[in-house]
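The following block contains the structure, expressed as C-alpha cells.
A, B, C and D are the chain letters, set down in written order, and residue numbers restart from 1 in every chain.
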Amino acid sequence: MPSLDKMSGTEILSVGKKMFYGGFAFLPLLWLVNVIYLWPTLKRTDVPAQLRRYLIYSILGCLAWFIITTTWYALFVNKRVTWGATADRITVVIPKGV
Amino acid sequence: MLLLSLLLCLACHIHFTNAQDIATSLYPYIYTDLGTWPCVRLLNATGSVGCQSTSGTNGILYQLNTQDDIENFNQNIPTSWEQWVVVIPYGLLTPSNIQTLESSKRLSGVIAIINSTATPGSPSRPSSYSPESKCPNCEFGLYANDADQYTWNPNGNSMIYEPINIPIFALDPIDVLSATAYRQIMENLNYNIEQNYRNYPLRAVDFSLFMWAAVDSATCLRRGWCFPVGGSSVYSTPSPNLTGNDGKPIIIVSATMDSRSVFHDLTLGVENDISGMVAMFAVADALSKSPTSVASFPKHIVYTLFNGEAWGYSGSQRFVNDISTPFQCQNITGTNTCPIKGAACTQPCVRDTDFTNINFDNIESVVEFSSVAQSNASGKGFWAHTDDSTTSGSLLQLFVGQGNGTYSIQDAASDGVHRKLPPSSAQSFLKKKRSIASIVLSDFHTSLDGYYHSDYDDTLDLATASSAICSLASSAARSIWLSAQGLNNGTVPSQVTADCNLVASLLDCMTQNYSCSLIQQYYGVNNAARISHYSSVFSFGGVSLLSLFAFNFLGDKNGVRRMNGTSPASCQSITECQAHEYCIRGTCVSTLTRYHDAYGAGIGYNYGTGLFDVIDESAPTWTESTWNPPSMRVYTVTSTRHQVVELVIGILWLVSSIIIVLYLKRYLKKTLKIA
Amino acid sequence: MSLYSFFGCMFTAYGPLLSIFFLYISRDAQLVLLMVCSAFFWLIAILLSSVIWFAATPARDMNAVTILHSVILQELFRWALFKLLHRAEKGLMIVSKNPKSRYNRSVFAFVSGFGFGLTSALVTYISTLVQTIQPGVIMCPSCPKATLFFISAINTSLTSLQHITWMMIAFEAYLNLPTLLGILQGAWVLASHFGVSYAMLLNASESVSLGCVYAIVIQVVILAISTTLVVLNLKKHYGAAVFSRTQR
Amino acid sequence: MATAFSSPRDEIELNNTDPSPPANSKCNVCQKPASFMCSSCGLNGPRYCSIDCQTQGWREGHYRLCKGNEQARATARSRTPNTQTDNTADTAATDVDDDTSLSRVQTRNSGISRFGAAQIINSRQRRASQTAANNQDGNIPMVELQAGETATDAQLDEEEYADELRFYIRQIYLVIQPVVICIILSIFWVKVSFSGTSDYAPVRPSYSIGSSSASTTTGTSSSSSVVSSLTTALVIVGQIVVVTVAIVFFFRKGWIKVLIGFFMIVVLGLLGFMTYLLLLNLIQVFFIPLDYITMVFALWNFAVVGLISIFWKGPLWLQQAYLTIMSSLMAFSLTGLEEWTTWMLLGLLAIWDLIAVLCPFGPLRLLIESSRTQQREVPALLYSVNAVWFMASMEDHFRISRSFLPQNGHVIGTNWIFGGSSRNSSASNLQELQAQVNRSNAHTPEPVADTSTNTQFGQARSESPEPLKEAHTIHNWRHSSGPQGAVIRGPQDGNGFTRLRGESVNTIEINSTDHHLETNPTTTLETDTVTPNPQRSDSDETPPDEEDAERSGLKLGLGDFVFYSVLIARAAMYDWITTVCCTVAVLMGLTATIFLLVLWKKALPALPISIALGVMFYFVAKAVLVPYVGALCVLGMVAV
C-alpha cells in the first residue's frame, strides 16, 4: 500500500470513487475513512476535481448515517422499558437491575 | 532454555501453591467482611418494592438513636460532602424517616438494629411496630370491593411496600456469625463516636446489594431474573376414603404457615403464623385421640396449612381455585416442561391429583386459627371473628360454648361492631362461596397484633403461650369433634384434649430450636436453630423445612399404620413401604396428606417456554428478584479533604518534575548541543 | 480511598519517572533500549533476592536480612550492567545521536539508572497503587495520620531518583576503580543504598512515632549528597557548563 | 523466524564467490592483476591486488588524493546534526536537487551499510588489533588518518556499522511501540472482562479481587491437569502446523488468490466474531443497553472497513490500529485457555517457529526457497504460523516486492548468522573482496534512473530467471537494508504482482546493466553488490517517508504480537507485578537481539528469548516475588 503522494491523481480519484460507492453498502465508516484519507490530496493540482464532489457526498452520507443511528439509539435507550418484550428481544445483553 | 524454565516453573508452581496475589494478601488488612441480612427487592404486577443498590455504595458509620436524631440528621452531620451510613434502631425504620434521611443527599445506606441486647442504654423496642399496610392484603381479600374496609392494622406504616434505592441491612445477634457482625459494627461505630465523626481516619462500611430484576413481575419473569414468592401448602385428612362425590360435608381446619417482615432471613412471626399453626397441630393431635375414629364421622375434617398467605393469600387462593374448578389433565408427551419427576400430570404440572377428591361444594365450614399466642396479653381470652352472623352463627355458638374459664372464646362482634373477618385464609374460601360458615379464632379483638409482619415478632412467653394455645386447642377440638358429628352440644370424650407438653415443645421447635427432639423423631435435622418463616420462592416439587414438618406431623396424626400382625410395619425410607404409603417415624403409614403448590394466583406457568408469567394482574403476583450475593464490609477511610491534598501534592510533584526536565533539556541543547 | 488518592499517589510515585521518560528518553530509540536492558537487570536482581528470601524460611519476616541481600544483589547487578555497557560502549557511542559527544557516558549512566529506578518503582509499588482505587485504606503504622499508600508513594518516588544518582556515581566509581576515589565513591553508593533501605524500616515500626518522617528526611538528605557528588563528577569532567544537568 | 533467510543469502554469496578477478586491471602498487579498488575513488580510482598493497598505497599518499576520504568526512559532518539518521538525510538529498555530493554520499552510505553488514563485522574482527585504538574514541576521521593504517576501511566500517546499528535499533524501537500498545490493550481487555461481573469472559477462573487467590485453585488443579492441557496445546499447535503446511502447499502450487481469499475470510471472521465476543463483555460489564440493530451495523462497518484498509487502501494509522487491535483481540480470546494450556502452547509455538524456520525442511524455509525459485512474492508469510500472523502483513502482498526481513525484529539475527556462516564457509578474502567491491560501487557514476525506459527494459529482462533470482533477492535484501526501509513506490494496484516485480527487478537490472555497459570486469560481483545504486536511484526519485519505516516497524508480525500479548494477558490475570515482569521480559527479548549484536556480533531471534524469559519470570514472580513484595514492600513499606 503505497503512500498517497506516490499515486497519480487519477488513481486517487478512482480510489475515492470506489470508496464512495462502497459506502452505500451500509458503510458510513468507509465514507468517513474516504474523507479522512483523501481530503489532504485535494490540495494537489493533479487530482481531478470530481474527487472533491465524491468526498463531499461521502461527508454528507456519513453525517446522515450518524444522525440516523444516534437518534435510533437514543430512542431505544429511552423507550426500552416501555417497549417491553420486543425491546428485550432485540437487546443483545439485557442490563441487569434497570 | 524454554523447556528448562517450564520445568523449573512447574516445580515451583506445584510446590508454592500457597502464593497469593497482593490484592488477596492485602485484603484482610483493609477490610472485614460481615455476614449480612439485607432487605431485598420484590416485584408485583405494578412495580417493585424493597431495597437495592449497585455495588460500592459506601459511607461512614453514623449513629441515630431517636426520632429527633433523624430529624436533625441534616444539621448534625459534621461535613456536608461525605456519605454516611446510619445505624438506627429497627423501630425507627419508617418510610417517612427514610425519606427524611434520603432528602439530605448524604445517606448511602442504613443498618437497622433489631435486638440491641448487647448494648445497654440503646433504645428499647416500641410497643408496636408493624411495617405492614394498614389493611394487610385487603386488595386480594374477601372485602376488596367493599366501600369501607375495616383497618385491622392501624399502626402499620407499610414499610415493606416502599421502593427504596439505598441498601438496608439488619443487625440481630441471634447466632455466632451475626453476633460477630453486630460486635464489629458496634465497635467501629463507637470508635467513630469517640472521634466525634470529625477526627479522621474514621470507620466506614460499604454494601453491595445488587438486584437483577427491575420494572415489574411480568418483565423480570420474562427475563428469568425473578421467581414467584411461594412454597407448598399442606393438607391432610383423617378420613382415607374421602372422595368428591360421597356427599359428606367437609370441615376445613386451617392455619397459616408463613409470615412476612422487612428482612426475610429474620422473619419469624411467633404471633402471626406460628401460634396458629401450633394450635392447629394440637387440634389434629387431640382429635386423633378420639376413641371413635373421626374418619367415621358424618363429616370430613380436612386440615389445611397454607403457605404464602402473607403474599395475597397465595396458598389458599390457589388451593380453592384448584379444588373448585374441574381438573382435566392433558398429558403433553414430548415437549414437556414440567420439572416434577414422576408427576401425576405434566400439564397442569402437579405432584398428585388427590386434591380433586376434595369437593369444594361439600365444604360446609372453615375454622381458622389466626395469631393465638396471647403475647400481647390484651385481656385473657380469644375472639371468634365471623363474616356473617347468620351463616356461621351456629358454629360460633358451638365454639363460644366450648370455651373454658381462663381462656374464654368470645364473639368478636359482641360489642356491637361487626368487623367481619380479619386477614385470614378463610377469606379465600368465602370469596368463592359466601355461604360457607367461617370462624377465625384470634387473641386480638379490634386490631391486629402490634408486631404484625414485623421482625420484632420474634419472642414469646413460652409458659403463657403454651397454656393459652393448649386450652384454645382443647376447646376448638371439642367444638370440631361435635360439629363433625352434626351435634350442637353434648359430652366430648375426655381423650379429645390438647396435649400441653406437645404445644410447648412445638412452640419451642418452631421459634428457637428447629432441631429439637420432637422434630428429630420425624427426620434428622442438625444445627438448624431458628429457621426463617418467610415462604421464600416457589419451585416445582420444592418443599421447605416447615412444610416438611407439617406433612410428617399431620400424616402421623391422621394416617393409618399398616400392621404386620401386632407390630406396625417398620421402615427406614419410603422405598420400603407400599404405594401410597409414607415412612413416618419408622413405620409405614397410609394417609391422605398431600402438598399443594402455593404461589400467587396471578402467576401462571407457561408450559411452552417453561417460564412463569403474569396471567392476572388483579390477583397476587409477588415475585422475588435474583440477586448477587450481598456483602457488607467495614474498613478505614480518610477524609475527602485528605485525599484532595494527596492529589494536589501529586500534581504539584508531577508538574515540577516536568518543568525541571524541560528546562534542563533546553539548557543542555543550548549550552552543550547535546541531549 | 478514591480516584483522588489514586491519581495523587500515582503522580507522586511516578511523576518524575513519567516526565523524564516521555520528555527525554522516549525521544531516542537507543535510550529506550538501554533503559529496558537495565530494567531487566534490576528485575533479575530482585527475583534472585526474592528466591533467597523464599528459601530462607526462618528469616522471612526479618526485613533487615532481606534488605541486606537484596541491596547486595542489586549492587552486584549494577556492576554487571556496567561491565556489559562498558563492553558495548563502543557500539552505543556509534549509534548515539552524536557519536563524538563526551557526555554520552553520563547519559548512558543516567538512562540505566532510570531503568533501575523505573522497575523498582513499578515492582514495589504498582500493586499497592491499584489498591488505592478501592475505598479502604491502611494507615501508616508510624504516622497514623497518613495512609500507607501515600507514604509508600513518596518513598517510591525518592528511591527511583536515588537509583538514578547511584547509577551515575557508581559508573564513575567503576571507571576509576583502582584509585582511592573510585573506591570511595563505590563505598558511598553501597552505604547510601543500605542507609536508604534500612531507614525505610522506620515506616512500618509502631514503636518510633513519626518514623516515616525520619525515613523521608534521611532519603532526602542522602539524595542531596549523591546529587552533589554527581555534580562534582560532572564538573570535573565537563566543566561548569554542565552544572545544572546533574539536578536530574 | 526470519533466520530462514540465512540460507538464500548464503547461496547467493556462494554464487558470487567464484568470478575471476578482472584481467585488464593492474595493481597500482605491485602490478599484479588487481581485484580490488579504492572504495572511495571507485572505478576511476586506483586498483589493488590486496589489502596490503592498498594500505601501502594509502601510506604512499593516496589518502591525499582519495575523494572518498573527503566525502567520508563530509558524511561524518553531515550526519552529526540530523537526528533522523538517514531518512532526513535522504529527504535533504531530494530537496537539494539530485547529484549534490551530499545526497550521493548520504545514499551511498545508507546503501552500502545494509549490504556490508557481514563483511564489516568480519573485517572488524580481522582488524580488531588495528582499529582497537580508533574505536575507543568515536570515529573522528582525523584520528584515524593519524592512526594511519587502513584509515578508510576503519572509518567506513565505523559508519556502516553505525548505520547497521542505527537501523536495527530504530527497527526494534518501531517494533516496541506497537507491541507495547497491543500489550496494554490486551491487559485492559483482561482486566475488564475478568472483573467478575461478566458472564461472557472467555473463561471464569476462580480469580477475583480479594475473594480468592487464583494460585490455590490452579495449584490444586495444575498437577492433575498438566497432561490434559499439554494435549490441548498439542492439538492447537497441530492445527497451526497443518495450516502452515497448507499455506506452503498453496504457495508452491501458486494459488496465491486462494490464499488471499482464505485470509480475507479469516480476517473478516476475526474482526467480526472476536469483536463481538469482546463487545459482549464490555456491554455486560458496563451495563450498556445495546440493540442488535446498532451492534450489527457497527460490527459490519468495523469489520469491512478493517478488511478494506488492511488489504486494499486506507490511512496508515488506521491500518496499524486495526492490526494492533486484532492481535490484542486474538490474545484476549486465547486467554480463554486454561492456564497450563496457555504456557504449553506458548512454548510449543516458539519451538515450532524455530523448527519451521531453521531446520532444513521446515515449511517456512521451504516457502522461502520456493519464493526464490518461483520468483513469487512471499507476503510476509514468515510470521504466519497462524492466520492472524499472515494477515498481519498481508498488505505487503500488494506492495511492491517488500521484504519481510527489515520488518522483523529478528533481522539482525539473520544478518549476523549470515555473516558468521559465510565467514566460516567462504574464504575470508572473499569477504574482503565483497567489502572492497562495496566501496568501489559506492563510487560508480550514477546511472540514468529514468523510470519510463526502465520499465520496459525491466519487463523485458524480467523473464531471465538467473539474474532475476539474484536481482529479486538482492532487491529484498536492499530493502531489508534500506535504512528507512524504503520501497519503490510506483503506480500499482491490488493485483500488480508482475508489474511490481517488473519494477523491483528492473531497477536492479538497470543498475547491473549500467555496469555491463561500462564493461566493468567486476560485473558479476556487482550484480549483487550493486545495491547502493538502486537504493539511491529510488530514494532520489521518491522522497522516503516515515510511513514506510513505521510500517516496517509494525511488521514484527502479529504472530509475535499475539505471543507476547497472550503471555502478558495471562500474567495480568494474576497480579500487576507479574504483568510488569513479563512485560519487561518481552521487551528485553526484543532488546536482547540488539545488545547481543552490539556485544558478540551475533544474535538470536527475539521471540524464543521473550517467551522463555516471560514464562520463567511469570512463574518465579508468581511463586516468590509477589509474596516477597507483599511482605517487604507493601506491608514493610520498604522500597528496595
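One rule holds in what follows: a residue touches a chain if its C-beta (ideal position, glycine included) is under 8 Å from a C-beta of that chain, and two chains touch if they have at least 3 such contacts.
Going by UniProt, the chains are A = Gamma-secretase subunit PEN-2; B = Nicastrin; D = Presenilin.
Source: prediction; values computed, not measured.
Pairs B-C and A-D differ in how many C-beta pairs touch across them, and the larger number is found at B-C. Look at the CA centroids: the one farthest from the centroid of subunit C belongs to B. In terms of their C-alpha centroids, the spacing between subunit B (Nicastrin) and subunit C amounts to 62 Å.
Computed from the mean C-alpha positions, the centre of subunit C lies at a distance of 34 Å from the centre of subunit D (Presenilin).
The geometric centre of subunit B (Nicastrin) is 71 Å away from that of subunit D (Presenilin), both derived from CA atoms. Those residues of subunit B (Nicastrin) in touch with two or more other chains are numbered 16, 21-23, 26, 29, 31.
Shown for subunit A (Gamma-secretase subunit PEN-2) are the residues that touch two or more other chains, namely 94, 96-98.
Shared contact sites, meaning residues of subunit C that touch two or more other chains, fall at 54, 98, 127-128, 130, 134. Put simply, subunit B (Nicastrin) touches subunit C in their complex at residues 16, 21-23, 26, 29-31, 56, 58, 201, 204, 206, 633, 635-638, 640, 642-651, 653-654, 657-658, 660-662, 664-665, 667-668, 671-675. Of all residues in subunit A (Gamma-secretase subunit PEN-2), those touching subunit B (Nicastrin) in their complex are 81, 84-85, 88, 94, 96-98.
Interface residues of subunit B (Nicastrin), counted against subunit D (Presenilin) in their complex, comprise 1-3, 5-6, 8-10, 12-27, 29, 31. Those residues of subunit C whose C-beta lies close enough to touch subunit B (Nicastrin) in the complex are 1-2, 4-5, 7-12, 15-16, 18-20, 23-24, 54, 98, 101, 103, 107, 127-128, 130-131, 134-139, 144, 147, 150, 153, 157, 238, 241-242, 244-245, 247-248. By the touch criterion stated above, subunit C contacts subunit D (Presenilin) in their complex at residues 29-30, 32-33, 36-37, 39-40, 43, 46-47, 49-51, 53-54, 60-61, 63, 66-67, 70-71, 74, 84, 87-88, 90-95, 97-100, 119-128, 130, 134, 140, 148, 151-152, 155-156, 158-159, 197, 200-201, 203-204, 212.
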